[in-house]
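Below are two complexes that have chain A in common, paired first with chain B and then with chain C.
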Partner chain A sequence: MRGRAAASRRQAGRALILVASIALVGVILLQILRAAGEIQVGFANWRPVLYAYVVWAIALGAGQVLMHGERGRRALFVLPAVLFTVAVVIFPTLFGFYIASLDWNLSATSGPRFNNFHNFVELFNDPDYWNALTNMLFYVVAVLVEYAIAFGLALLLTAEIRARKFFRLAFLLPFMLSPVAVSWMIGKSIFEYRFGPASNFMRFLGWRTPAVFAHAWTARIGIEVMAGWVAIPFIMILLLAGLQALPKEVQEAAQVDGASAWQSFWRVTFPLMLPVSITALLIRIIFQLKLADIVINVTGGGPGGATDTVSSYIYRVYSDRSNVGYGTALAMFYLVMIIIFLTVMLRLANRWTRNLT
Partner chain B sequence: MASVMSQGRTSASRHHLRRTGGQFLVYAALITWTCVCLFPLFWTVTTSLKSARDVTQGHLIPWIDFQPTWKGWRSLGLSPDTIFNLSDPREEFLGRFANSVIIAGGASCLALLLGSLAAYGLSRFRYKFGPMHNSDILFFFISQLILPPVVLALPFLVLYRELDLLDTRFGLVLVYTLTVLPIVVWIMRDQFNAIPIELDEAALVDGLSAWGVFLRIVLPIALPGMVAAFILSLVLTWNEYFFAALLTASSAKTLPVMVASQTGSQGIDWWSMAALSTAAIAPLVIMGILLERYIVKGLATGAGK
Partner chain C sequence: MKVGDYNNIIAGQQTSRRRLLQGAAGLGAAAVGGGFGAFSSARAAGTPSADEMALRKAILKVPGVGKGSPTDADWQKVGELCLGPTKARVKPGEFKGVQLTFMGLNNQNLHDFLFRGFLKPWETYTGAKISWIDVAQADYSPRLQQAIATGTIDFDLLEMGAPFEGEVCGKGLTSEMPEEVKQQIDVTDLVNYLKPPVGTWEGKTYRVTIDGDCHTINYRTDVFSDPDLTKAWKSAGNSAPWGNPRTWQQVQKVTKFLAGKQVAGKDVYGYLDAPKPWGGFGFYFLASRATAYVKYPGEKAWLFDVDTMKPRVNSAGWVRAIQDVVDALPSEPPNQINADPNTTGFQQFLAGTGSLVSWWGDIGQNANTSDSSVVGDVIGFDILPGSDDVFNHTTGKWETLSSGPNFAPNMAYLGWGVYVMSRVNGDSAKHKAAWSAAAHLGGKDLSIWTVMYPSGFQVHRQSHFNIQEWLDAGYDKAYITNYLASQSNSYNHPNVAIEPRIPGIFQYYSLAEDELAKIFAGKVGAQKGADNIAAAWEKLTDQLGREKQIALYKASLGI
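After this line comes the complex of A and B, so read on.
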């Protein structure tokens, strides 16, 4: 009796998923045929496909519960996030690879046209793109400076000090600020050539023409100063958490051994902090590779592309030419480079920690 | 004996001297960096109270260097004397502000919901989706952190045009949710891992279902971590510019896009820009001051593993 009920439930679940799948495929086919101009019926835009996907996802979840009972209910924890990610990350990324092979000007009426991967040939002959990629090297290396400062601040905050909470709060605040607002507050206002306080201060130090964003290297450093100003608190908090989790005995033992503060830092604290450091550096580098808003808003990539990041360059290429095909090709190539770079870095970091410990 | 004692005393006093010297350096460094962190905020808030002459002469300290006026806030329609009058800039600002609240809040809630469920599942049960086991699924979620917005931005532009989601709040909520979901999963999984599984088992024996255990037992304990994940999501989505600049045109514009569109124009009105920036950053600054310990605690568990 019970077995039969379970079997019929399982069948109901399977039927539900099947019906929902057929409905989803049906709606997609209908829209494809309409888009191809084969039939007149269908919907004015593709949004019903989105609704059909949501309905299908719900049916899939309900079907799991009907079919597998408690195990299906457990699957419901992960299923929503997986289906969401497939819909809004995996599918658009694959779609992006398709767009990358097209010559597609969004503002022209001609529509998409396959162009034999000409985008990728053009990419290799685009000196501005390669310039942006080399700039990324600078921005990534600069993360090490951010890390050093953040480590120093974290150490300061773990020292025996008064008003620790106040300092921690003050150090954290830049992290809460919008990079666009920071672009204005610091980039356009405090670094203002004529009367910005930073410019006045640099004049006082003896630089007669403190036009930071007019020279390639100072502009690059200026952008990095702002990006670092916003990001250092984030690294600092991760390191602070790591420092507070360190076993006290080890540090005390080092002090009893008569090691100076400098020695005990390099011999004890720093090696123990390596795993946390690598996590913090990795996350910060990932975020740095996305850097765009500050560049777009302060320099627009100038002077002469000196401050361009890949993201800000693609943004500009798209605004100038509105060619989604070429823009996406640049972005996809960048994604592949990032994946290779991060994989190599992780391997090296792993080997390095293993050798040290 | 005496010489040993005096030696001890001098070394102690030298030690003391070095200690106070060290203390002095520590506080000097702390105060210097506090200035670095707070000066831009101070500058922006005071600039919103300056008149043109005070800006160009680089005056710094209110009431001593210059006489504060409501000029910047008046141009936004937010000064005490204009707050009850009709004002177009204020209408625009409040519209953008509402967009930002709804989009950032909505995306953070959605990401917290999806991410917490997934993180709890991954921390407690064993899954197998095809060839993927728990660690693969976790990597699948977290690895999306590396995806730069620029990779998804143009495909989304094309897709949203077809889906009629361009320049809608709902469209931006979806995009922002995907950008913060990996971080939520990362923080929440460590939070759930820190809660002993014996607690779940005891509740299961008492007859609760897996969902009952999650909702009644685990969720209340994990609440501080959820607050941290929520704040972090809120910071990232409130401040996001790249997607918002590409995917919105007028009705769903967020605050960062509004701030950016003012900086581009020639001849910036310093005071009104400063007032706008202050108003745009104020909510998060206030939230940061009130909820700082949650952020620190939440990231602390994240960094542990």
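After this line comes the complex of A and C, so read on.
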């Protein structure tokens, strides 16, 4: 009896999933054909497809329970997260590659057209894109300087100094500010050429024409200073958490063995902090690779593309020129490059950490 | 006339505001002093009546020229005073329950901010509610393009410039202006260059014009009459007298001369270029330097060849204009390469840096009415400088005209307008409400206020050239005479440069801005950079559809 009941439950589960899947595929096909102009019936927009996906997801979960009982119920803990990820990460990424394969300018009367992935060929001949990529090398290397400063601050805040709590909060403040606000307050006001306090101070130091953002290298450094000012507290807070979790005994043992402060840091603290450091650096580099807001606000990528980032360039291609297909291709290619770069970096870091510890 | 009295008359007599005012004698012609040859024809058509003048006088006292920047309370007051035409056509509360969405700009806290104030009393009276989509200048074009391309027009009223008419009106996205609205806003009063085909598409009128556009040159009268500079200019071996330059050749000379000079102990600079990209709009400022070189009298085209859309931007005339910027930048303020037009106009010129700047008429409006201006008493205006010679694209040679320097005012952007979207057409209440709101913003009386105070809009009606109104509002006669003459002489110039109303025009400009930034930073030469712009434009034309672009280009030129 129980065996028969279980078999019928399994069948019901399979049927439920099958019906829901057919319905989902049917709705998608219907809408694709309507969008392609092949048929007149269908929905006014794509929202019903989303509803069909939600219904399918519920049916899939219920089907799992019916088919696999307790095992199916356990699957319900993971399934919503998986389906949500598919909906908001995997599908948009794949859809992005589809858009990247189109010749699609919003002002073109012909609308989007498939262009045999020509966008990906074109980007190799786009000097502005490669200029921005080259600039990114500078911005990424600059993260190491940010890391060194953040480590110093974290060590300072671990030490028994007066008003430690106040400084912890004070050092965190820049991280709480919007980069857009920072670019206006610092880039457009404090560094303002005529009356900005920073400009006046530089004049006082002897630089007659302190036009920071008028020259390629000073402009790049100026942008990085602002980006770093916002981001250093973030690195610092991660490192601070790591430092506080370090076993005190190891450091005390080093002191007993007669290690100097530098030896204690370089031979003990730094290696022990490597896993935290790598995590902090990786997260910061990912953020840095998306740098755009400060550049757009302060220099617009200038002078002559000297401060342009890949994101600020894509912003112009997509936003100012409505070149949706090409802009998406640039973004997708950049995504692939970031994934490769970070994977390689992670492996190298792991190997280095193993050798060191 | 007080608003309350006016309302009582209207309510008691059941008459329209225009009809009420029709009987009154016009006094515009009598009120205007002589000496404005260019204005005389303009005045006759748009002269307001005496009662209308009284109302306009009251409006223009809000808050009063020289009494600081107007506030939201002032905008609401002006909106309230100008409600007459609405009250004559709409019953109180008639639009109750109607919800409209308006998309416009938020530049310098003007545009939408003013519209909100102007429309607040309109909302109170009609019962309609308006929600707002504020867009920054640089984001305007992409926001509009995306809404069009993805079929997600989420607004009923749109503030838009004529260059976009090809892609918006041409696609049937706007609602045709009802005859009654044409009468309400008195379209016959518009200056000639803003009359059809501007604002129309295939013979139908779509736009409530609220702005007129042209670039003029603004200069510092104190700098160009300074005795020490006069002496130094002469000592430098210049035979021509020291004064504001009238040609680009003189602008270059003056800019280089002023580098390192001081007036009243402060560094003084000559011309202010705007090399930093500005979402495509920055290209207008190079165009203003170029039109005198490339706009050959009698030929309409100056940006593209008419039959092929082949770009002219790498022709000798354009390259000379680009090279002029390169040559002038070392004599301009040290951070000039980072200046966009907003910086040159508002943060530099009005704040006292630089002695020459090309801009729309906002500079003249703000010089005397904005809290941040320090040049109100020392500013002069003229049409854009000319050139001793002009490039003839047909012969490929530079020519010196027997008539003297070639002038070609740049009618950059052709002014803002308010458009009603076609999505309201299916709902009669919404349709009437949207057009009523648009007509309120484009009202004749309200417009005199917007062109006199900081608003982002400049003179665009013939009735705006009545000097007496400006004097009554508190303007200095010499100042306003000079200002209006620069506008009028630009609008009515026989060799005006009109830009193409073709789809994607700001994409062309944006591509050019990127390449120009490289030229100005010294990364590529002027000719090579101009060739790069031309190549990018050709590619864009192919992407957008060359045949269609050519057809629209010809239509926009009236060919």
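Everything below uses one rule, namely that the second predicted complex is superposed on the first by the 357 of 357 C-alpha atoms of A that agree within 3 Å, B and C clash if a C-alpha of one lies under 4 Å from a C-alpha of the other, contacts with A are read in each partner's own complex, and residues count from 1 in each chain.
We take it that contacts are C-beta pairs under 8 Å (C-beta built on N, C-alpha and C of every residue); 3 or more make two chains touch, one makes a residue touch a chain.
A quick note: this is a predicted structure, and the numbers were derived from the prediction, not measured.
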{"item": "Partner chain(s) touched by A:Asp128 [first = chain B, second = chain C, both, neither]", "value": "second"}
{"item": "Which superposed partner A:Tyr318 touches (first chain B, second chain C, both, neither)", "value": "both"}
{"item": "Which of chain B and chain C A:Met176 touches, first, second, both or neither", "value": "first"}
{"item": "Contacts of A:Gly304 with chain B and chain C, given as first, second, both or neither", "value": "second"}
{"item": "In the superposition, chain B vs chain C on chain A residues touched", "value": "B"}
{"item": "Touched partner set for A:Gly222, first chain B, second chain C, both or neither", "value": "neither"}
{"item": "Touching partner for A:Arg194 - first (chain B), second (chain C), both, neither", "value": "both"}
{"item": "Contacts of A:Leu106 with chain B and chain C, given as first, second, both or neither", "value": "both"}
{"item": "Residues of chain A contacting chain B in one complex and chain C in the other", "value": "106, 194, 318, 324"}
{"item": "Interface residues, chain A side, partner chain B - complex", "value": "44-47, 49-50, 70, 73-78, 80-82, 84-85, 88-89, 92-93, 95-96, 99, 104, 106, 152-153, 156, 159, 161, 167-186, 188-190, 194-197, 200, 229, 234, 237-242, 244-245, 276, 279-280, 283, 286, 289-290, 292-293, 296-297, 310-311, 314-315, 318, 324, 327-328, 331-332, 334-335, 338-339, 342"}
{"item": "Residue ranges of chain A touching chain C (in the complex, touch as defined)", "value": "103, 105-110, 128, 193-194, 209, 211, 213-214, 216, 299-306, 316, 318-324"}
{"item": "Residues of chain B defined as touching chain A within the complex", "value": "26-27, 29-30, 33-34, 36-41, 43-44, 47, 55-58, 60, 113-115, 117-118, 120-122, 125, 127, 129, 137, 140-141, 144-159, 161-165, 174-175, 177-178, 181, 185, 209-211, 214, 235, 238-239, 241-242, 245-246, 255-257, 259-260, 263, 268, 270, 273-274, 277, 280-281, 284-285, 287-289, 292, 295-296, 299-304"}
{"item": "In the complex with chain A, residue positions of chain C that touch it", "value": "138-139, 141-142, 145-146, 148-149, 167, 275-280, 333-338, 340, 353, 503-504, 506-507, 510-511, 514, 517-523, 540, 543-545, 548"}
